[in-house]
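By letter and in written order, the chains are A, B, C and D; residue numbering begins at 1 in each of them.
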Amino acid sequence: MPDDASVTRVSLEAAAREDSVDLLHTLVASLWEGSPDVAMIDRIRFETAVIEVMANIVEHAYAIDGEGVTGRRFDVSLLADPTSLVATFADDGRPCEIDLSTVSMPGYDAESGRGLALASAAVDDLAYHRDGVINHWSITCRRQP
Amino acid sequence: MIEFKVETTSRGIGVVTPVGRLNMVSARRLGEVVTELVGAGTNRIVVDMAQTDFMDSSGLGALIAGLKTTRQAGGDLRLACPTEQIQTVLELTNLNKVLRPRPTVEGAFDA
Amino acid sequence: MPDDASVTRVSLEAAAREDSVDLLHTLVASLWEGSPDVAMIDRIRFETAVIEVMANIVEHAYAIDGEGVTGRRFDVSLLADPTSLVATFADDGRPCEIDLSTVSMPGYDAESGRGLALASAAVDDLAYHRDGVINHWSITCRRQP
Amino acid sequence: MIEFKVETTSRGIGVVTPVGRLNMVSARRLGEVVTELVGAGTNRIVVDMAQTDFMDSSGLGALIAGLKTTRQAGGDLRLACPTEQIQTVLELTNLNKVLRPRPTVEGAFDA
């Protein structure tokens, strides 16, 4: 248990499926219940990035598995403290082959390809690294003063 | 987590109201609703976002696809009443010009 | 990450306050979103016990602190697997001086004193132990087959 | 997380409808609502539980307190339309005899 009364942390381990996105929305709602003073714009930036990363994990990291494969897992931890909002994800899916530093917004008529660019634009930091067979994503959003 | 209400006004404009979240699961269905409306001859469509709690990049993709479908049929797709999260997503993706949100559903095709 | 695709675990660390009860309801809702096949009666039994233990922590473990004291913390982890539902709590409040084996339902006209008796009646196991300065509560509910 | 709707019927029966969860925070307010009604001369009260999502032991305590307050004033307090969670809690605490739930608000004082 951390010492600071104004820290809330919620976390989740579950199967990585399309409906995990809805589950994560509910988890984010519980973060705001624990830290009701987070400003609306910070909530929006953080939740937008968190949901994009979750969708990326479900869509890309598991895409090759096909219908028959189950058992893919992920975990996510969300933290709110007085200065920042932090999310960390881990999953055992395929490695992410995209270089986040070169992610850019596609043209206005593209029907996809905006997920990571939006996540990156929404928050102060979006990072990815692979450690052994595990993908790690982290999101940091500095709260408005 | 989502429901789509679909109406056609007396001026022949289709009004689609997504109630809930527009994400990777529900975005497909928005695309289908637009395609069905255009197929039935309604090529001017307003998407009323007042009750759309959250939209992600796949929701945006479905709106862009809908814009193309309606324009190819000689019509247009317009957004009305976006919530703050949706306005933020439109700004961050630079789509607030091509999907310029209108303040009302009724006036969405007036200019 | 556990191997079993049908395991969901959600957890939370936050300040122990009255509104933590509402936060925990939201966390329980995310457990059901991750494990949608849990029967209604098992959901009811588990959530009833979980909320009673949370209320006990807020009410009794911190009661002596008074208005000025902040910084009391708790954490809780909720797990659903194919056979059971398990909750484990930890908090740094005062020790619980009640013997759970002797807890009984008070008379029908009592206006309080039913919390732990109700939690205990609702689930298959309710346990408490103190480890150093930390209180640990655990709840186990076997799912109906 | 809770709202109380309070009405008085043409037969002079108070109907209190807790909407949301009845827990350690909101139970106090239920007690106050009942005390106010009895103070204003309404000593027959139905608590309509159809929209009470969840009740814990403090909610039960407030109902028992309300039962005593109304009976002391020569009236009674009755529960109507409990959800499955509330029925379970009444059974587990053996209070389903003293707080015997009625199937309708209208008929709660008929027998």
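One rule holds for everything that comes next: contacts are C-beta pairs under 8 Å (C-beta built on N, C-alpha and C of every residue); 3 or more make two chains touch, one makes a residue touch a chain.
Remember, predicted model here, so these are calculated numbers, not experimental data.
Each chain gets a centre from the mean of its Cα atoms; for subunit A and subunit C, those two points are 28 Å apart. Inter-chain spacing, taken between the CA centroids of subunit A and subunit B, is 26 Å.
With centres set at the average Cα position, the gap from subunit A to subunit D is 44 Å.
Of all residues in subunit C, those that touch two or more other chains are 19, 22.
Residues of subunit B found to touch two or more other chains are absent. A linear topology is adopted by the chain contact network, the touching chains following one after another without closure. By the document's touch criterion, interfaces exist between A-B, A-C, C-D.
Every residue of subunit A that touches subunit B in the complex is listed here, in rising order: 18-19, 21-22, 25, 40-41, 44-45, 47-48, 51-52, 55, 58-59, 105, 108-112, 114-115, 117-118, 121-122. Only residues 1-15, 19-20, 22-23, 26-27, 29-30, 33-34, 36, 70-75, 90-92 of subunit A touch subunit C when the two sit together in their complex.
Chain contact summary for the complex, subunit D toward subunit C: residues 1, 21, 23-25, 54, 56-58, 60-62, 64-65, 68, 84-85, 88-89, 92-95, 97-98.
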